[in-house]
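Going by the order they are written in, the chains are A, B, C and D; count residues from 1 in each one.
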Amino acid sequence: MMHVFPFIVVAWILAVGLYGVVTSRHLVHQIVCLIVVQSSTYVLLLAVGYVTGGVAPFFYDVPVHTPAVDPVVQALALTDVVVEAAVTALLLAFAIQAHKRFGTLDPQELTELKG
Amino acid sequence: MTGTVAVTTPYSVPVPLMDVLQVVVLVLVAAGATAVVLTRRPVRQVMVLSGYGLMLAVLFMVFQAPDVTLSELTVGAVALPLLLLLALAKIRKKEE
Amino acid sequence: MDQLLALVVVIPLLVAAGISALTPVFRTRRRALDTVAIAAAASVTVLLAVLMTRTAHRPEVYWFAGFRPRHGIAIGIDFAVDPISAGLAALAALLVTVAMIFSWRYFHRVATYFHALMLVFLAGMVGFCLTGDIFDLFVWFELMGVTAYALTAYRPEERGPVQGALNFAITNSVGAYLWLSGIGLIYGRTGALNMAQIGRYLTTHRTSSGLVVVAFVLILTGLLIKSAIVPFHFWLADAHAVAPTPVCVLFSGVMVELGLYGIARVYWSMFGAGLGHRTVISHLFLALGLLTAVTGALFCYRERHIKRLLAFSTISHAGIFLAGLSWLTPLGLAGAAVYVLGHGLVKAALFLCVGIVLHRIGSVNETALHGRGRRLRVTGVVFTLAALGLADLPPFATYLGKGWIEDTSAAAGSAWVAGVLIACSILVGGAVLRVAGGVFWGLGDPPAEDPRMAEEASEEKTETDSGRQRTPLTMIIPPAVLVVAAVALGLTPHLGAVVQDAAVRFQDQAAYNQAVLFGRVVAHPVALHPAEPTAITPADVLTGAGSALGALILAGLSLYRRRIPLLRRGPEPDLLLAGPIRRIQSGVINDYVTWIVVGVAGIGGYLAVTIR
Amino acid sequence: MTPATRRWVFLIAGAGLVAFYLWGLTGLPGFGAYPGPYGFIINQVAVGQTKATAVVSAINFEYRGFDTVGEEFILFVAAAGVSTVLRHLRGERERSALDEARDRAAPPTSDAVRTLALVFTGPAVIMGWYLAAHAQTAPSGGFQGGVVLATAFILIYLSGQFLLFKRVSPVAVTETVEAVGAGGFACVGLSAVFLGLPYLTNDLGLGTTPGAIDSSGTIALISFFVGVEVAAAFVLIVGELLEQTLLIRQETR
């Protein structure tokens, strides 16, 4: 059970986030759902690098040969967090402009590019 | 290197206890994600998102990733909700 | 050069940071800003061209911070450069240079942001081409993406750019996160991020096929979205129609093609050997490619907004490139590579000419522009030549690439594929030539007004000062040079042998492994596939000339339809398509993301049933 | 598609997607059984090679430092993009500030909030720098430090001192600082090239004691520049978003 449960949670978060993006009627809500989609990738990355019983990869006061979890996925997740912050900031700026230009935030009513 | 090596360092938690902890936090995270998506009112959703960020931070803690915990706390639970609230404050007027 | 290899990415990044830091200085010195930025892009172009010739016989591998792999295990990030990756990066750098020269007199108001964004975009594209690490590939992909979103919304005071940027950003972000999930999967099994090392693991260890297939599909999805393959293509037309014209040059000319390069890179360095089932993969790519080529061509033919028309032509061509790759043969890859280069040059020239029309006349509506481009003689000539190049007229390099793709299809016993691809070329070329004949030569009658275009009458006004009396030389020389370059590329002696040699090496996963992980160079006899022609055959020339002729005839029929008795009655055939297209291309992000999910589930389902 | 069709199409296709994804996930070695080798090798060699005890920082700033170069520029570009997109709005806002001002008049900040925010500003600055300076030893680094540092500036705003916020972080200066942060990182990497070494090679003295503040060579230096870049980028982004409410508040005073 424990050896697959985190991955089921990963798939659940991804699906729920996508569901939110698809059904959203508000751009800011949609952007937040996109954050949820991305959060599934952090959980996946950290879950695949986990070692049962391992310590965090810091060797300040534990010897170097102590079994530790994988530090690489943590570095990747850190990069991922920055990407999330950057993309979200940019999307919010777009949303503010969209609201200004269209007077609505319902993505289904932004019809400038239909056809 | 792999497998269940029980280590007794200041930071480590016994493996069975850790398992339980992880399952509980994972369930909370899954529920949190669902709650974020299903909260359709933007301002309230930002609050829920902040809570979700906090839960993710706790999850990363029990996944032994203090580095990611710290950045998830600063970004996911504080900075992003702040940006979202600012954007919503800008937008809200016409919504009403 | 050895330690300088990183400069191709670092120069544009540093110059971007530099001009951004010195914003107060550059604000009043527009020409200095232009000069610095153009010099940076040009120097990168030269470095990459040198790199391309240097790697002609052996790949060059560069380990950042000097962390070379030990015992076949990489702990650092590498650049693994071969002629195809360097050549594509050089195309990107060339187009950035050209687009910035064009912008010299184009925008009436530019802050340092535009130059900084363009240079960072260049760095992202070059890093994407050269890296040998799957996560690093993702980082440069994201950098490229985020820059592209910002550039799309460069004129945020209008509705179109804002919506185009939103659609672009959200669909591509979803793709990026699926890709990252794929990386997580493959890393969780192989414990590696270096593509060569992952490829080696997958060939030497028995691995659950489910994991490999799913990781492949997730990574593939991110790249298919970027390369605008049906049903992931919706964002492209939206973004292209609204982005500033010099930016469109890069989107159409090279960014979409980078997505396809990514597919080729990921397939031949990581998954190919481990995944097996070459026929299944081949059929998948072929089906996606043909669907995209046909859809793009139909959408292109009925479009009246010239930038969107060119955007749909890019979608159609992306499909043709994927169909070329789909045979998994060196000839197909070589054909796609040459076609990408030739297409990038002529498509960039076409967009630049549209930019000139916008600058001088202030519209991109084909109906409204009918005959009004007659005073732009030079632009008209360049546009028409580029349109003929797009329709594969020899000696433009496009005919070579297309010819090889058709040859390899025929060699695989599927001559009908070649027929479909030629039909797509005729449709796309006919649409673009129709624009050329109507707008620049005033031939025939104006096409019926698309009701949608009438609503957008005021669009595109603010991008540039329109109504100028003369076309500045900095705006007409770049497209002319690009057209000449496309011809020169087509006439290059021994191009076939050189590119096919590069393609053979690109597809040799074992040799790539050895070069990256162990620093060993495996010698390749050029005549590895002696059955396939490396020279230009008369058939290539004939089909190229034939499709150009077909496109000309189609353009003529479209322009003179109302004067030909047999065709006169009934509504315009291309406008019949407008209804369904309007429903599919809805502009609603929710629909686009739904299509992505449908696409992944479809591709996944197909592979799950056929590979088990 | 209508919302109802879309929902059904999604539910069917999404179920397929999840089933497919789970098929892949079951091919993993299982939770807690990370097979290596990448992470294990780094855990073994990092402390010896870099003298940094925080292995994640060693990866971010050295082994995979090139990723971080790209990552920094993603943030750089996002900040520039936000400025580009909101730039026009700022101009319009100045014209139409009066007619929208009435319902935007935020309630005046209470003294308690102000004092509390100002009290927290100092510690936030110190903590930000502390985090940015201890990449090599503690679970921290330029990124976390930068965000905390940016928070300090935002606290100044929260305390109601928006004019002070404008004064301590004028847009032009922040932009320059941000560019210096991003460019500084790239330059540190370049210094190795001038010595004939591969880009980003750690060419500073590593120190002798793992985990000491002067250990790990360029890791600490890069972390510093990342901190500067991240803090400036966040201040810039938040500033751009704030810019629009600021003017209005002034009007209502």
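The definition used in the following text is that contacts are C-beta pairs under 8 Å (C-beta built on N, C-alpha and C of every residue); 3 or more make two chains touch, one makes a residue touch a chain.
Computed from a predicted structure; not experimentally measured.
Interface comparison, B-D versus A-D: the higher number of contacting C-beta pairs is recorded for A-D.
Here the CA centre of subunit B is 39 Å from the CA centre of subunit C. Rounded to whole angstrom units, the spacing between the C-alpha centres of subunit A and subunit D is 15. For the pair subunit C and subunit D, the distance between mean C-alpha positions equals 32 Å. The multi-chain contact residues of subunit B, meaning those touching 2 or more other chains, are 1-4, 65-67, 71, 75, 79, 83, 87, 90. Contact of a single residue of subunit C with at least two other chains is seen at positions 135, 139, 142, 146, 149-150, 153, 156, 162, 181, 185, 187-188, 191, 193, 586, 588, 590, 594, 597.
Along subunit A, residues 2, 5-6, 10, 14, 18-19, 22-23, 25, 31, 40, 47-53, 56-58, 68-70, 72-74, 78-79, 81-83, 85-87, 89-90, 92-97, 108 each make contact with two or more other chains. Chains touching one another, given as pairs, are A-B, A-C, A-D, B-D, C-D.
Considering their complex, residues 3-7, 9-10, 13-14, 16-18, 20-24, 62-67, 73, 75-77, 111, 113, 116-117, 120, 123-124, 127, 135-136, 139-140, 142-143, 146-147, 149-150, 153-154, 156-157, 162, 181, 185, 187-189, 191-193, 207-215, 217-218, 586, 588, 590-591, 594, 597-598, 600-602, 604-605, 608 of subunit C touch subunit D.
Residues of subunit D touching subunit C in their complex: 1, 3, 6, 9-10, 13-14, 16-17, 20-21, 23-29, 34-39, 41-42, 45, 62-67, 69-71, 73-74, 76-78, 80-81, 83-89, 172, 175-176, 178-180, 182-183, 186-187, 189-190, 192-193, 196-202.
Residues 1-7, 9-12, 15, 18-19, 22-23, 26-27, 29-30, 33-34, 36-38, 40, 42, 45-46, 49, 52, 56, 59-60, 63-68, 71-72, 75-76, 79-80, 83-84, 87-88, 90-91, 94-95 of subunit B are the ones that touch subunit A when the two sit in their complex.
Contacts from subunit A toward subunit B in the complex involve residues 2, 5-6, 9, 12-13, 16-17, 19-20, 25-26, 28-29, 31-33, 35-36, 39-40, 42-43, 46-47, 50-58, 61-62, 66-69, 74, 77-78, 81-82, 84-85, 88-89, 92, 95-96, 99, 103, 105. Those residues of subunit D that touch subunit B in the shared complex are 32-36, 40, 54, 56-57, 100, 103-104, 131, 139-141, 143-144, 147-148, 150-151, 154, 234, 237-238, 241-242, 244-245.
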